[in-house]
Structures are given as C-alpha cells and as structure tokens.
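Data block below; observations after.
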Amino acid sequence: MAVRVGILGATGAVGQRLIGMLDPHPDFEIAALTASPSSAGEKYRDVAKWRVDSPIPQEVAEMTVSATDPDEVTDDVDLIFSSLPSSVGAAVEPDFCEAGYVVSSNSSNARMAEDVPLVIPEVNADHLDLIEVQRDERGWDGALVKNPNCSTITFVPTLAALEEYGLRTVHVATLQAVSGAGYDGVTSMEIIDNAIPHIGSEEEKLETESKKLLGEFDGAQLSLNDVEVGASCNRIPTIDGHLENVFLETEAELSPAEAAEAMREYPSLDLYSSPDQLIEVFEDPERPQPRLDRTLGGGMSISAGGIQESTFGLQYNCLAHNTMRGAAGASVLNGELLVENGYL
Amino acid sequence: MAVRVGILGATGAVGQRLIGMLDPHPDFEIAALTASPSSAGEKYRDVAKWRVDSPIPQEVAEMTVSATDPDEVTDDVDLIFSSLPSSVGAAVEPDFCEAGYVVSSNSSNARMAEDVPLVIPEVNADHLDLIEVQRDERGWDGALVKNPNCSTITFVPTLAALEEYGLRTVHVATLQAVSGAGYDGVTSMEIIDNAIPHIGSEEEKLETESKKLLGEFDGAQLSLNDVEVGASCNRIPTIDGHLENVFLETEAELSPAEAAEAMREYPSLDLYSSPDQLIEVFEDPERPQPRLDRTLGGGMSISAGGIQESTFGLQYNCLAHNTMRGAAGASVLNGELLVENGYL
Amino acid sequence: MAVRVGILGATGAVGQRLIGMLDPHPDFEIAALTASPSSAGEKYRDVAKWRVDSPIPQEVAEMTVSATDPDEVTDDVDLIFSSLPSSVGAAVEPDFCEAGYVVSSNSSNARMAEDVPLVIPEVNADHLDLIEVQRDERGWDGALVKNPNCSTITFVPTLAALEEYGLRTVHVATLQAVSGAGYDGVTSMEIIDNAIPHIGSEEEKLETESKKLLGEFDGAQLSLNDVEVGASCNRIPTIDGHLENVFLETEAELSPAEAAEAMREYPSLDLYSSPDQLIEVFEDPERPQPRLDRTLGGGMSISAGGIQESTFGLQYNCLAHNTMRGAAGASVLNGELLVENGYL
Amino acid sequence: MAVRVGILGATGAVGQRLIGMLDPHPDFEIAALTASPSSAGEKYRDVAKWRVDSPIPQEVAEMTVSATDPDEVTDDVDLIFSSLPSSVGAAVEPDFCEAGYVVSSNSSNARMAEDVPLVIPEVNADHLDLIEVQRDERGWDGALVKNPNCSTITFVPTLAALEEYGLRTVHVATLQAVSGAGYDGVTSMEIIDNAIPHIGSEEEKLETESKKLLGEFDGAQLSLNDVEVGASCNRIPTIDGHLENVFLETEAELSPAEAAEAMREYPSLDLYSSPDQLIEVFEDPERPQPRLDRTLGGGMSISAGGIQESTFGLQYNCLAHNTMRGAAGASVLNGELLVENGYL
C-alpha cells in the first residue's frame, strides 16, 4: 500500500521536480501540496508556473493547494517532503515534526544541528538513527531528516569512496547550474555570456556539510570527519548539472587507477530511486559534462572523470544533476530510506 | 616614426584582435600580413572571416596576404607579431628570427625553452635580456620573445603582487571563454547549456609558465620560482574573459586586506597599451564577472575580487580578457617593451 | 521478425539519433553502419564522437563500420536509412537503389525530383505510391523515399490541418536550433549572445517542399499545391527544436478557435513512432517553447500556440524537435510506412 | 552652456544607459535622478545595481536620488528624461509636464495619444510641432514627447527609406534580446537553450506605432499611414540587439538593389548622438547579427541585410541596439532635437 505524502513548497523548482518523481512512484502517493498563503485554496494548475519539460500530472494539476501549516494539511498523510525557502523551513518544519509528521527536507535550515540527521543514503544511512536522539531531546512524535546542499552531494560520494585512503585536504571549485537558485534566482542578464564567482553561503555548506556526512555516529553522538575542505563556488550559464573540480590529498598513497576503481565499486543501494551504478567513472578526460551526463541513472548517478595525478596529490572532476540527485531526488531517496528503516 | 610590423597568422581570432589593436596604434604601422598558403596572394578582406565587433580597418582590408615565410614578407618590416598555431609557429618562427626579424609571439611553442624570454612586461620585464643569451646561442640577428598562455596571464600578476609574502602553493581552477580556442575551436553543440572540464595541455601551461614568469634572471641564467601550482581547467559558454578561482598558501601571514592592497598598488608601466591600473580589486564578492569586467582598462587590466580567508590560507578570484590581455594585447605589449628597450 | 536495416552516415548528428531510435525499435534491427572511407573497417565506438545524452548502445558500439558503398554493405539488409551530406547522398543513394535497396533518406538531394516521394506519413502517405512511377522510369528494384527538411516538417502538418479552408499565402519566419547544422555546423563564437539571419538555401526548401508535400498525386503524376510560401530563416542559440512564426491567409474565413480545433483533431497514425497526438495545441501564448516542448510525444509531436487573428488573417507559432521529428524520426517513420505498405 | 537634465527611473536598465550616455554628453548635465520612493534620499551608488559594462560615473554615484515627483526634483532642471514603467509613467509624467518640464520619454504610456508627438528624429522630426497642439489642449507649460518601442524603432527607419515606393503590407517577425525586458524581466531558466514566442502587447506596438511614425502632420492634426503591419514577436537568448525579419509589399516595383540604395542614402541628422550613417546595409546575407553589429554608430545605427526578392515582394532583415537606439539613445536624440528646435 502506498505511503501518502505531502509536499511543502510544491510550486517551486524543487517542488515541481518532487511532483515529477513522486507521481509515478510505486510506493508513494501524493496526498497534499502546500504553498505560500496567497496560493492556498487554489488549484495547483492555477498557481504553479510549471516549467518541467514533461506535462503536469493530470491528478496533481487538479489538487487544491493548502497553506504550509500542519493544521491545514489533511491528516491522512504519512510522510512530508519539504522544499521550502530556508527561512520558512526554519519556522514551520518543527511545527510539522511536533504534529507528528516525519519530514524529509531539502531546505538548508537545521542541516548542521547536532540532533538532525544529514543523510545521503549510499554514504551514511546509519546516521538516520540520530532520529532517536532527536525525539528524546525534542519530544517529537515526528522527525526531521535533511539532505545536504546540491553542491555538497556532488562531491561527497566520491570522497566516501576514497575514505579508506585517509582524507586530508580537499580544494573544490564548483561550476553550478542556474536551476540551483530556483526559477527566478538568476536573471538572464546576469548570466548569458557570463559567470558569477560567488554564491551566497554556498562555500560554507560544502565545507561543513561534508564533514558531517563523512562523520561517525556512535549511536549517541555524531563526530565530524577531520577532512579539511576549502571551496570556491561559481554560477555558470547551464540549466541543470553541477560540475566540480576536486584537488584531493590523502594520508595513504592513491593512484588514479585505484581512485577510479574505488569509485566504480562504491556500492549503490536497493532503494527504488537508487541508480544501478552510483558513481559512473569516465576515461575520456572531457567527461563528465553537464548536458551529456546529468541524466545518467535517471538523474540519480554521480559521474566522475579526469582522474589524474596532481601537483599535490590527486585531482578529478565530478558532476550531479542538482535538482534531481542534488535536491528532489535526494529527499525522495531519504524518504525511501525512512520507509525501509521503519521510521514512519 | 612608426615601427613597421608584420602579423603572422593574421586571419585567425588573435590575428584579427592584433589588427584591431595595431591599426590605430600610434607607434606601429601594419606592413605585412601572412596566412596559410591557400590565402597567399589574396586580399585580406577576401580570406579573413572577420568577426571582431568593429569593422575591418579599410587599409588592412585591401592588403595582400603573403605566405608565412620570411622570403615572402616584404623586407621593410621591423617587428613581427606571431599568432600561429603552435606546430606552425615551431616550424617557421626560427626562420624569421634567423632572417633577422624580432618576433613577439603568442604561439605556445618554445615558451619554456631556456633561452627564450617569456614575458609579461609588468611582471618580469628584466627577463627580456635573455635575448642576449639567445642570440649568442643561436647566432640569430633577430630574436624570439613569447607571452604566456591566456590562462597563465590571468593569475600570474596577482601572484607577482603577493610575491613578497612567499608563494608556497597555488590551487587554481579556470572558467575559460570559448574565444580562447579560436573561431572554430568549440562548436555550439559542445558548449550551449554545458561546460567541458578539460582543455588539452592547458593545465600544464599554468603550472610551468607561472614558475618561469616568477623566476629570477641573473643576467646569464633563469631559475624557476619554487611556487607549486596545481591547475584544473574548464571551458564554459562565455565569449571572452577567463575567470579563475585561486587558493593560495604563503610563507608569511597574509590577510585579505593586505592582499587587496598589494594588488591595488602593484605598478603598471608607461607603455602605450598598459592600463592605468594593472589590477582592479573589487569589494563586491560577485565581481569580477567576464561580461561586465573583461574590458576594464581597454581589455588590458586584470581584475580581482572575492579575496577572503580560506580553510587553507587565502582565496580569491581573478579575471582577464583572454584575447586582449591574454593574447593579442600581451604580444603588442611585449612589442612595445622591445621597442622601448632598443631591441629592434 | 525484425527488418534488418543499414544506416548511411551513421557517425553524424542525425546518424546518432537514428541509432538511438532504431536500437530499441521492436520492428527494426541494426545490421550495417556506414561512414566516410577513413572510418571504414573501424569499430563504431572508435570513429563516432557520440554526443547524444544517452550512452551508445553496447552492440552498436562494437559494430564495424563500412564504406558508404552498396558493395561494402552486408547483403543481409532489407532497408536503408540515409543521413548523408547532400552531395554524398546525390552520388551514392542511386547506387543503393539500383542494387535493390529501399532507401528512406533524410538527405536533401533529390527531394524535389518528380518521381521521388517526399513524405510525412501523417500528411501525404499516399504519395508513397510514386515509387511505382520511379521504378518504371529508373528500372530500380529498390526505391528512394525522402523526408523533407526539418524546418519544412515543423509547419507543414499545421497547414495540412487547415487545408480545407483553402491555403492562399504563408509568411513564415524560423528560429532554428544549432543541431540542425550538424555537430560542427555552427561554432560557439558564431552563436553565443547572437543570432544569424540566414541559413543557406533553407528558405527555398520551405517554399518548395511545402508545395510538394501538400500536392495531389493522381496515381501517375504529382501536382504541386498552389499555396504561396515566403520564408525567412534564422539560427539562434538553442540546442534542439525549431520554432516558427506563421502568418496565414486562407480562402475561407478561419477563426483562431476553428484553427485550434482543426489542428487538435488532425489525425496521427498507428505507426510505431507516431505520437498519440500529432499536433499539441497550447492556449498559453508563451508556448510552445523549444526547451519545454521539443520532447512532446517522444520528440515526434508538433506543437502549436499563439493562434490569433492577425492584421492579414491568422497567425500562430509551431515547433518540432528538429533532429527527431525533423530528421531521424522522420526517416524512421517513413521506414515504418514502407514496411506497412509492403514496399520491402 | 549645458542643459541641466533629470532622469526619471534612473536605477533601471534604461536609466543606467541614459546615465552612460548623458554623463559624457557635451550639451547635457545630469542634475537630478529619481527612483521609487524606497530609494529616495539614498546615494545613487547604494540603490542602483549597476550592470553596464563601464563603471558608474563618479559624480553620478554620489548623487542623492529623489522620489519621482515634480515637487521633489530640484527646480534647476531644464529637461526630463523618463524611463519609468508605463503605469508609473502614465501617473506622473503629466504632473511633470504640468509643472513646466519638457519630458522626453521612453515609457510606453500615451505613445498613441493624438496630441503626443511620437518621434524618431531622422524619420519624423516635423511631428515635434504637435507640441503646440498639446500645449493648447492641455494647458501645459511643459511638454511630453515620446520615442517608440525598441522593436518599432528597429524597422521603421528602413520603411521610411522605402516610403516613396508606396508601403502596402509589412509582415515582421522579431528576435528580441533579453535586455528589452529590463534586468529582471527574463529569468535565465526561461531563456537558456530556449526561445519564447510571445512578448506581451509588443506586437500591437509594432503595428500601431509604425503607422503613427510614418503618418503625416499638417500642422494641426496627424493622420496615420495606410501601411498594414502584422507582427510576431519572440524573445531569444541574446543580451542586446533586436533582429527583425521583414516581408514588404510596395505599390511600385522595388528591386533589392534599389532598396539597398534607398536605405544607404536615407539621411542621418547633425544631432550630437546621430550616427554618421543611419542605415548600414550589408551585402553578406549572414549580417546583420546582434553581437557583431549592435554597436555600429555607437549603438545608434540601424543595420540591414539579406535584401532579396521574396515570394511576395521584398524581404530583408534589420537590427538595432535595443537599449541604445531603441530606448536610452532614442530619448536622448529626442532631447537633442527638442533643444535644437527651441522647445526648452
């Protein structure tokens, strides 16, 4: 029987991607959609400016949108996906958790909170049990689980695959697609024939979230990984797909061939939205490329290439679809993990 | 009286930029244009697919193109600018030098040769005297002087400005414009809504040329600078302007404010094409941007911004117009330096 | 049992799309691939620069490429798809037909020849019987069938839907994607932040091919339609999808609502690659848009919108995926029609 | 002595272009800047997000912005340039005229009002005398003069050049740059790898404004030109420069050569911002192109090309820089004409 789900922030860019993934999903059924108060009471088709390149699912189009408030959402919902602006997320997600909902959230608020699991299922599924700590501390029946920032998700799985070599330092430069900023986040005059070498607070996210994702959870407490990450973030004129250049120094010696093998063999999971191959590794140094490789594994694979010895250790490039693997798909995958682990 | 100049490879992207700079130049007069054998004997207007956004200078349009061979070029030329494909440059530039021509070349061949000065006038004008060594060794009346690769020129002046702090390591990621590959170098299907994380042998150029440019010349021999540079190069969908993310570790402590001041105060020269301000430093972390800032100082300034403390030291971004400051303008500036220093 | 097919020009942009459609096709089996002589004898994976955003089918990757010559292609092929440059097509397609092959060709040569059927299955399937005339005149066992130019295919179905109102004049302006020119047809420096108001001989194709497609075949001879078409063609910075602005004058009065209804009701076919809905009509005047609507119906639908009264009659916009519906898919559809009509 | 000017809506895209043109202008001196109430009292540098590719003029940066209200603007201003959103323009421009200011406006409100001159100086400078009628009717000491929409300005001068052949019908399709919609008008997700076949109420502007611009003013009343114009408007991913495809039918026969000659000989004016050559005509059918030709004549020339016989008469393409010739430059030119004709 399908799990009934609600989507907070259903009209935004990630909200639309969530609908695109959840509508055909065999284990989930969309039961509630929320948006800003001005859209409440309206049909979804009338308030969403639909810009995904497949039509709005018919049934979703006819659904009535609620305000983003636990009292306004139908009781008959088992799991909440949240893709709210972080300030809104910070204000209302705790209300949903308190009201008993389990929330799989893509919003950036509370990601680094000590009792909030920040999870990429293939990397640190065991962190999910931090929910017990969270429930104890906060007295919630529900729970709050976060997926990391899209730019973090892109490179952390490649680090996880190499963790046994001892991660020492990572310098990472990102080339990020405009969809990462939402529909109206980057104007055309800002980005055509241009690049912007700054994305507000993005660098900090890569630097801190990676340490938490790669950290160890002993059942009671989470300790951050020691890897030191320095990031520089850029916006470029691509629609979807974040590309990242990584310079990595490890404790143990690590050849390009060993790194490629470790990435290729890094296991995926059996969850419905997991790709068969988590990290696709290219031999062609010109790959991965956003337009050609972002949809690998249904948009849920990471791809890597250009693995080579660097002046300082190893360097390589990696790529992920930022609104699929990096946002909507990340939340859905966490939702699937929550179901599998019996947290509903 | 104007110095009469010839342009080798006059129909290419950099050749056209050279014409755009040299035609109105008060100290130079275009006296010869060369191109591939198939164009020899034709009028320039008929063989050049002119794509600069100002019209072909009338007189240049009517000039007859020669083959790229010292015997075919009118004797009455004092200085040669070369923007040939590197394989062609390697084959014919020595012939011109042997025939007595002083050649200011943008081609990548021979840049790292021990007796060939690789020069950015504001950075290492004193290396020009390597010409004496070169003439001794090769028995040339002419001389061969190189400017570095466009991506090297973009970040080396910022390093030169900080050299007193002791340069230890540099990690640099580049976001390079399509014009750097020449007119036909990048197809539209390759780059629209995309990025390519590899530019053949570009990374090596940044890593080695920077050590030579920042090296010391004792009058007899050039010793490379000890700075260790690791580079990762990307092509993005911009027309002109290379943007670079730099992570820098120095021997001495260096605050963002000190770095900004050192860059701002790094002196320009009095050469005709030198910008008033060599390095423009922005406070706004979203700058520099290729489309907004590439034409600063007539396309001859470097710009920098986003200077901040990094996990590992300092990080910042820099930008230069790749076909002006990074190619045609670099060669012209070297030509001006050759004239000023009496090498013609 | 699957029809065994060969692809002439298999390494090009349309050739790759043909492979992408034919490999999973239930009724066709790829049995031969040809390319230029320099690629003959090589494995497909080694000579094709694969740029479709899905991987090369494994079996196709390992196939050996032949020269484009009927003597070099395995005998065991029933149907040929051709996507050759038109000069090559003009030279070798007749050889294949003479050797007994039925050729469904996307190449522009011979499209207007009196005994060559130019077919869009949903529009003029009956023209296929011109093959009888062709075989009589040329003494071929094989046959040559053409699909029109990608820009012609985009607007002709909409005219066919309105034909009962009497087509008098059509002014059409096109905004065409770069893929229409092949991989290397448009360089990035030509088209980023730009548009090119000319595509060689394209305007003539729209003006003449439309008259043939809408013409009447009486079993012996084809008479051209009287509609007068004037076209103006532009290249713009989109990857896939040709958008066209149509101004139409008809004999009978025709309201926007009637036009929309006629387009919506214009029937599709039961062929495997036919879309369920041939012409998708949008109410939103901002649609269709290339990026959002080019993949409707698996890339085989036409879409239309902005239907309104004009100063001179009716005006509307239409769009089709130029390398799917406009090229590879058009040839495949003609191949399906040839099979269904017993021409193999 | 310089005329002191004020700019209404000084922070917008056209406002910034106005500042870029007026600051170095020998006959004008910027004395007042207005913006929305929230910016009033602030320094210009602090409220304008400056995105022109040259720095903010120093003095302008330090000016204090007023509210857009005649009582708030310093009395010491002789001429007002207005680039307000049309709803704001409709509300406040009459107040400025009533308060005695002569207003040269780019805003779209009131362009078709019977007593408001709509002027392109090189086309219909004599319409300026409609000011007398306007002052009589409205009792203003000031005056309101409009320039047409950017897409109208692009093609009307070419029609004016051909007017002696008798203009009968014009079908025009536009390919418009994103800057025409203002900084935030088109998001990057809307337009990268895309085109939008609709611009709200733009088609009507081309159709009606052209009839007024080409109309005749007998000293008392303006009669519209009989030319019938049908327009179809598209937004494409270019920064600046509107390209238009024109199909023209004339009363008298008109060859491409005659049309080219008439355009080339159509006179410019002696105003400071007039280009030497009003209409640049290209022989190369691939020109004009937005990126290459938009800055001809300092951005104030129109360019034309592809002039050829069409199925229905003549067809050609034309182009103008939409924020220079099509907006800021159009208003400045009207300001220069107002000064020359003694209307201040």
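The chains carry the letters A, B, C and D, assigned in the order they are written, with residues numbered from 1 in each.
Keep in mind that, in the parts below, a residue touches a chain if its C-beta (ideal position, glycine included) is under 8 Å from a C-beta of that chain, and two chains touch if they have at least 3 such contacts.
Keep in mind the model is a prediction, meaning the values are calculated, not measured.
Counted as hops between touching chains, the shortest connection from chain A to chain C is 1. When the interfaces A-D and B-D are ranked by C-beta pairs in contact, the top one is A-D. Distance between chain centres (mean CA atoms), chain A to chain D: 47 Å. Between chain B and chain D the centroid-to-centroid distance comes to 40 Å (mean Cα coordinates, whole Å). Shown for chain D are the residues that touch two or more other chains, namely 51, 192-193, 237-239, 291-292. Contact residues on chain A toward chain C in their complex (touch as defined above): 51, 53-54, 192-193, 239, 291-293, 295.
Chain A makes touch with chain D in their complex at residues 13, 51, 178-179, 183-193, 237-239. Those residues of chain B lying in contact with chain A across their complex are 169, 171, 173, 175, 192-198, 207, 228-230, 232, 234, 236-239, 243, 245, 247, 285-292, 305-306, 310-312, 315, 317.
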